[in-house]
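In the part that follows, the structures are each spelled out as structure tokens.
First chain A sits with chain B, and in the next complex the same chain sits with chain C.
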Partner chain A sequence: MRVANSATALVDLALKAGDSYSAAAVYSIAESKQKHQLKELMFGKRRDALALARWEHTPASVLEALCSASDDAIVVRLDKNQNTPTLAISKLYVAENQRSKSSASLTVLVAQHRHASLSVLKNIAQFEDDEASLLAVSKNLAANSEVLSILLDRFESSSILAALQKNISEHPSTSPQLLEQLYEKGDVYVKAAVIGHANCPLQLIDKALLEENVFIQRQLAADKRLNNEVISRLSLHQDKSVRCAVASNAIASNDVIKLLAVDESDVVRRVIASRLDLTSHVISRLMNDQDVWVRQKLARNPTVSFGVFDKLSKDLQADVRRGVARNPRCPVKLLHLLAKDEDYWVRSAVAYQHRTSKQLLIELADDTAVDVLSGVANNPNTPQRLLKKLTASAEADVRRGVILNPSATRLTLLPLLEDAYYLHRLMLVGNSKLKDKDKWHLCFDPDYQVRFTAFKYFAGHFIKSSS
Partner chain B sequence: MKILVAVKQVAALDEDFEIRADEKDVDEDFLLYDLNEWDDFSLEEAMKIKEAGTTEVEVVVVSVGPDRVDESLRKCLAKGADRAIRVWDDSIEGSDAIAIGRILAAVAKKEAPDMIFAGVQSSDQAYASTGISTAAYLNWPHAAVVADLQYQAGNKSAVVRRELEGGLLQEVEINCPAVLTIQLGINKPRYASLRGIKQAAAKPIEEVTLSDIGLSGADVGAGNSMSHVRRMYIPAKGRAEMIEGTIAEQAAKLIQIMNEFKGV
Partner chain C sequence: MSTILVIAEHRRNELRPVTFELISAAQGLKKSADDKVVVAVIGSQAETYTAALSVSGVDEILTIPAPVSEFDPDVYEAAVSALIEAKNPSVALLPHSVDSLGYAATLASKAGYGFATDVFIVEYQGNDLVATRGGYNQKVNVEVDFPGKSVVVMTIRASVFKPLEGSGSPTVSNFDLPAVQSRSQNKEFVEQGGGNDIDITTVDFIMSIGRGIGEETNVEQFRELAETAGATLCCSRPIADAGWLPKSRQVGQSGKVVGSCKLYVALGISGSIQHMAGMKHVPTIVAINTDPSASIFTIAKYGIVADIFDFEEELNSQLAA
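Now for the complex of A and B:
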């Protein structure tokens, strides 16, 4: 069968298939008469309409077409579906308000929806009384500072003020002015959140320096606007989380890093081991750390020298050796050594490593461990003839490795279009190495998800060509 | 040699659903149907025996249910089952697991298999008794919750490891023919190949009525079952409240709630 050469032909095929998911995939490119037929196919049976209203992949255009439904169960699903577009959410909110007996639980769903418009959120903030809905608005990332400000002003003396303050202090859209207001009126948790906020004004940082509360100090210690003296003071704090925050702070001086590299807490030293600005003295200290995770973090650190890699590649702990093998700067010489490691998890890291040579990958392809073979299948340096062989592996993980391999050619991938695992066929729909004629039969796949993805892929051609 | 695999098309609930007007089940519009997960493992175990043995093995899947069950039976055929049988009659509606066991036993008497596999339980009703009741009606030995099976086609006995509480395994030798209820994880079920799916679409599914297996409406259905559903409902939720505020405020609120609860 030949690839459809027009939107009309593709929609006709979806209609002929008689499957609601294929219909949903082409709905946005259909002409008005076809749209009517597609709606009949998708929503004719309540069962199908309910399934599409709930499905996380249902296109926004289909959900919008469903939003005039009077079925309460469908409305709930549309309110919950994160793909429901802004206009549909607004319509659902208006319809809900016009009902004689509106449901607070539906308003909550609208209030927490990521596509809720600012005007809807503002309306809820201004006029709704249901606490759950108001709290949902205060957490909704679509809300802006104005909406958040309305909430704070409206409920200044309400029982939900504490919860609102907590949510708004953590909201990324909260303005510096609102943060100042929250810092003045909020409890210690709110203050801590304000200090940790990306929009926190400098004057609040200065104020927080006078606070002794550990929650506030933890946030403060991570701030990049602190001076050396404060950072040094906080690096001596008795709370390990505060010291951890200092250890992760990019502005920490070499002296502070040196001090924290011998910190009594493993957690602090682990953070230090991940830094990209370590001196050789600190690295030497961490290389011999008793904590496996510290050595593992160091092994993953791309700034360490060959000597460090060499020592850590002989570590008694496999996780540390694996860290070396995973490091993007791991020397090729060490990869050869680690490819013979007794632990398959270490060999697997070598197989996934992009610096591993073609020859080494050929040797690793004889391994029996699935994780090693998956790495070989994923590696862009693996020779094509090996990849072709791996497409016949009995292990789905290995075959998937070939699908994910950016070097796999069309001829290598072709047999995988018949893979028994539906997800593999689905993944190949978007593969740029395959031609449209290779993928076309996936529109008639036994699995509805594959059919949907294939129809959507071909529908995309006509959206692009018409725009 | 023949292995009969009893399978069920189970219903999974969506996140939100409605109860039917008669309050005895969930509204069918809200149910998603699929092959019972345990039965996938049972079929795979039968397929392993079929593919490993030198003796020819016929794997027959059987299910009790309406037309929609064909979809699950086709899935089994696509995975390699040789034949599929579906038993249905409107009078079967409302049958409990024991009555279904009676139907499966009647099919077994007609098919004369050497082994019967069933899942330990179904994911929707979870009675875990269909396989066992089938064995009882046949008067065959049975082993439940089988996590490992050593059996070659044609053998007069099998060695099974049964999964018990506390991580214990019980090794049991069982005479054949027998009914085994298979536990999840005993093997790695295969995916049906596209070729298998295409071939399965052309294979017939044998539709069997009660009279074909020597039963009548008087043997099955809600009225002739030992148990029946009186009603299905969502229990009323208890009250829960997140207490916000400072520790002192939370403590004060907690005391207030406790006093209200005690009626102080």
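Now for the complex of A and C:
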């Protein structure tokens, strides 16, 4: 069968297939007469319409076409479906308000929907009284500072104020002015969230320096606008989470880092071991740390020297040796050593490592552990002939590794189009190494998800060509 | 008086936990105090399992010496067939395992016994024995009854029946294996790749990470958290595919079904159908995700709309307190 050469031909094929998922995949490219037929196919049976309204992959155009439905169950599914487009959500909200008995639970779904428009959110903030809907608006990332401000002003003396303050203090769109307002009126948790907010104004940082509460101090210690004196003071804080925040702060001085590298808390030293600005003195100290996680984090640190890699590659703990093998700067010489490690999880790290040579990957392909073989299958340095061999592996994980390998060629991938696992066929639909004629038969695959993905892929050609 | 026969399963000289779950299921099928639960154990060293099998709920243990130490489908089929003929049980319970798949259907079919597989509820409704199993890829529960069948063979799903506690004092006797010609030979036991990792199908507390963790370097802090909390760290498919955690830790359709899990904490997992196939049965699911519309919340008992890193930090400080 030849690949459809026009949108009309593709839609006709989907209609002929008689399956609602294939129809949904091509709906956006159909002409108006075909759209009518597709709607019959998709929504003719209530069960199909319900399934499409709920399905996470249903295209926005299909969900929009469904939004004129008067079926309550379908409306609920559309409100819940995060693919439902902005216009459809607005229509659903208007329709809901026009009903004699509107449902608060539907308004909540609209209020928390990521595609809810600003005007809908503003309307809910200004006129709705349902607490759950108002709180949903305050958490919705689509809300802007104006909407959030309306909520705070409107409910200044209400029982939901505390919950609103908490949500708005964490909302990324909250303006510096609103944050100031929240800091003045909020409890310690709100204040801590304000101090940790990306828009927190500097004057609030100064105010927070006078606070003793540990939650506020923790947020403060991570702020990059602090001066050395404050950072040094916080590095001596009795609460380890505050010291952890200092340890992760990019502006911490060498003296502070040196001090925290011998902190009594393992957790603090682990954070230090991940830093990219360690001095050789600190690295020497951490390399011999008694805590395995400290050494493991150091082994993953791309700034350490060959000597450190060499020592850690001989560590008694496999997690540390694996850390070396996963490090993007791990010396090739050590990869050869670690490829023979007794622990399969260390060998697996070598197999996934992009610095591993072809020859070493060929040797690792004789391993019996599926994680090692998956790594070989995933590695872009693996020779094509080996990848071809791995496409016949009995392990689905290994075959999937080949599919995920960016270096796998068309000839290598072709046999996997007939793979027994539907997910593998589905993943190959979007693979740019395969030609359209290779993928065409997937439109008639036994699995509905594969058919949907294939039809959607081919429909995409006609959307591009018409735009 | 009727007999309920249980076929014990063992591997590498160890009884598999499912055996004790079958004994619990068999106890539930006793209609009167006279009914007996008989456990049969087959193998070259069958007698070594009698002490372990002397648990509450077992009335009799039958040891069946066989020329093989590990499972052999022909030997088991001949042994269980002879046992059923000799003991005439009303029900024979086998684990729903790869071993039973090798002979249970043949056994039931040849003798015309009633048969049901992957049963997770078994009970008497009046005088009728009814087994419940999944259908249409576990989308519906199907009740199966067995009209006119005096013997019913069932394979029972693991991790469904809670093993009974306490010891018992069953009688122990020997049962001779009829002559059997095995068509297979056990040459070598090969552990599956990555077999020295923990078996996630047997653990009861899992913390599982998904795409929400962002980068590989973040995996370690969740390993630390799981270790501190006493949980086993697992993952969704993309994490294992990237080589960030072993395949043996992957939950879902491409990975494993966490049959024994009682508490599942899903961190940054959106909840694809494929992932949920491996964990949706868990009685207590806690989901943490920044997206309130994530599918995982539809099956979670407790949902937390939050950043998993904030959650991790807070839980760590709570655990340390």
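One rule holds in what follows: the second predicted complex is superposed on the first by the 467 of 467 C-alpha atoms of A that agree within 3 Å, B and C clash if a C-alpha of one lies under 4 Å from a C-alpha of the other, contacts with A are read in each partner's own complex, and residues count from 1 in each chain.
Operating definition for what follows: a contact is a pair of C-beta atoms (placed from the backbone, for glycine too) under 8 Å apart; a residue touches a chain by one contact, two chains touch by 3 or more.
The model shown is predicted, which means the values in this text are computed figures rather than measured ones.
Trainee: Record, for the superposition on chain A, whether partners chain B and chain C clash or fit.
Mentor: Once chain A is superposed (C-alpha atoms), there is a clash between chain B and chain C.
Trainee: Which partner does A:Arg47 reach: the first (chain B), the second (chain C), both, or neither?
Mentor: first
Trainee: Applying the document's definition of touch, where does A:Arg399 land relative to chain B and chain C: first, second, both, or neither?
Mentor: A:Arg399: touches no partner chain.
Trainee: Please work out whether A:His115 is in contact with chain B alone, chain C alone, both, or neither, and reply first, second, both or neither.
Mentor: Once the two structures are laid over each other on A, A:His115 reaches no partner at all.
Trainee: Once the structures are superposed on A, label A:Tyr344 by its partner contacts, choosing first (chain B), second (chain C), both or neither.
Mentor: It touches chain C, and chain B stays clear.
Trainee: Which partner does A:Arg321 reach: the first (chain B), the second (chain C), both, or neither?
Mentor: Neither chain B nor chain C is touched by A:Arg321.
Trainee: Between chain B and chain C, whom does A:Thr368 touch in the aligned arrangement: first, second, both, or neither?
Mentor: So A:Thr368 only meets chain C here.
Trainee: By the touch definition at the top of the document, which applies to A:Lys166: first (chain B), second (chain C), both, or neither?
Mentor: Touch status of A:Lys166: first partner only.
Trainee: See if chain A has more residues touched by chain B or by chain C, and give me that chain.
Mentor: C
Trainee: Looking at the overlay, which bit of chain C runs into chain B, 58-66, 76-84 or 274-282?
Mentor: None of the options clash except 76-84.
Trainee: Return the residues of chain A at which the contacts from chain B and from chain C coincide.
Mentor: Touching chain B in the first complex and chain C in the second, residues 80, 396, 421 of chain A appear in both lists.
Trainee: Within their complex, state which residues of chain B touch chain A.
Mentor: Within the complex, chain B contacts chain A at residues 14-16, 18, 28-30, 32, 190-197, 242, 244-246, 249.
Trainee: Going by the contact rule at the top, pick out the chain A residues touching chain C in the complex.
Mentor: Touching chain C: residues 56, 80, 82, 112-114, 136, 139, 240-241, 267, 270, 274, 293, 296-297, 300, 326, 344-345, 348-349, 351-352, 367-375, 378, 395-397, 400-401, 404, 421, 423 of chain A.
Trainee: Would you pull the chain A residues touching chain B in the complex into a rising list?
Mentor: 46-47, 50-51, 54, 73, 76-77, 80, 160, 162-163, 166, 187-188, 396, 418, 420-422, 445-446
Trainee: Show which residues of chain C lie in contact with chain A when the two form their complex.
Mentor: Per the stated touch rule, the residues are 190, 192-194, 196-197, 216-217, 220, 224, 240-243, 246-248, 250, 253-254, 274, 291-293, 295, 305, 313, 316-317, 320.
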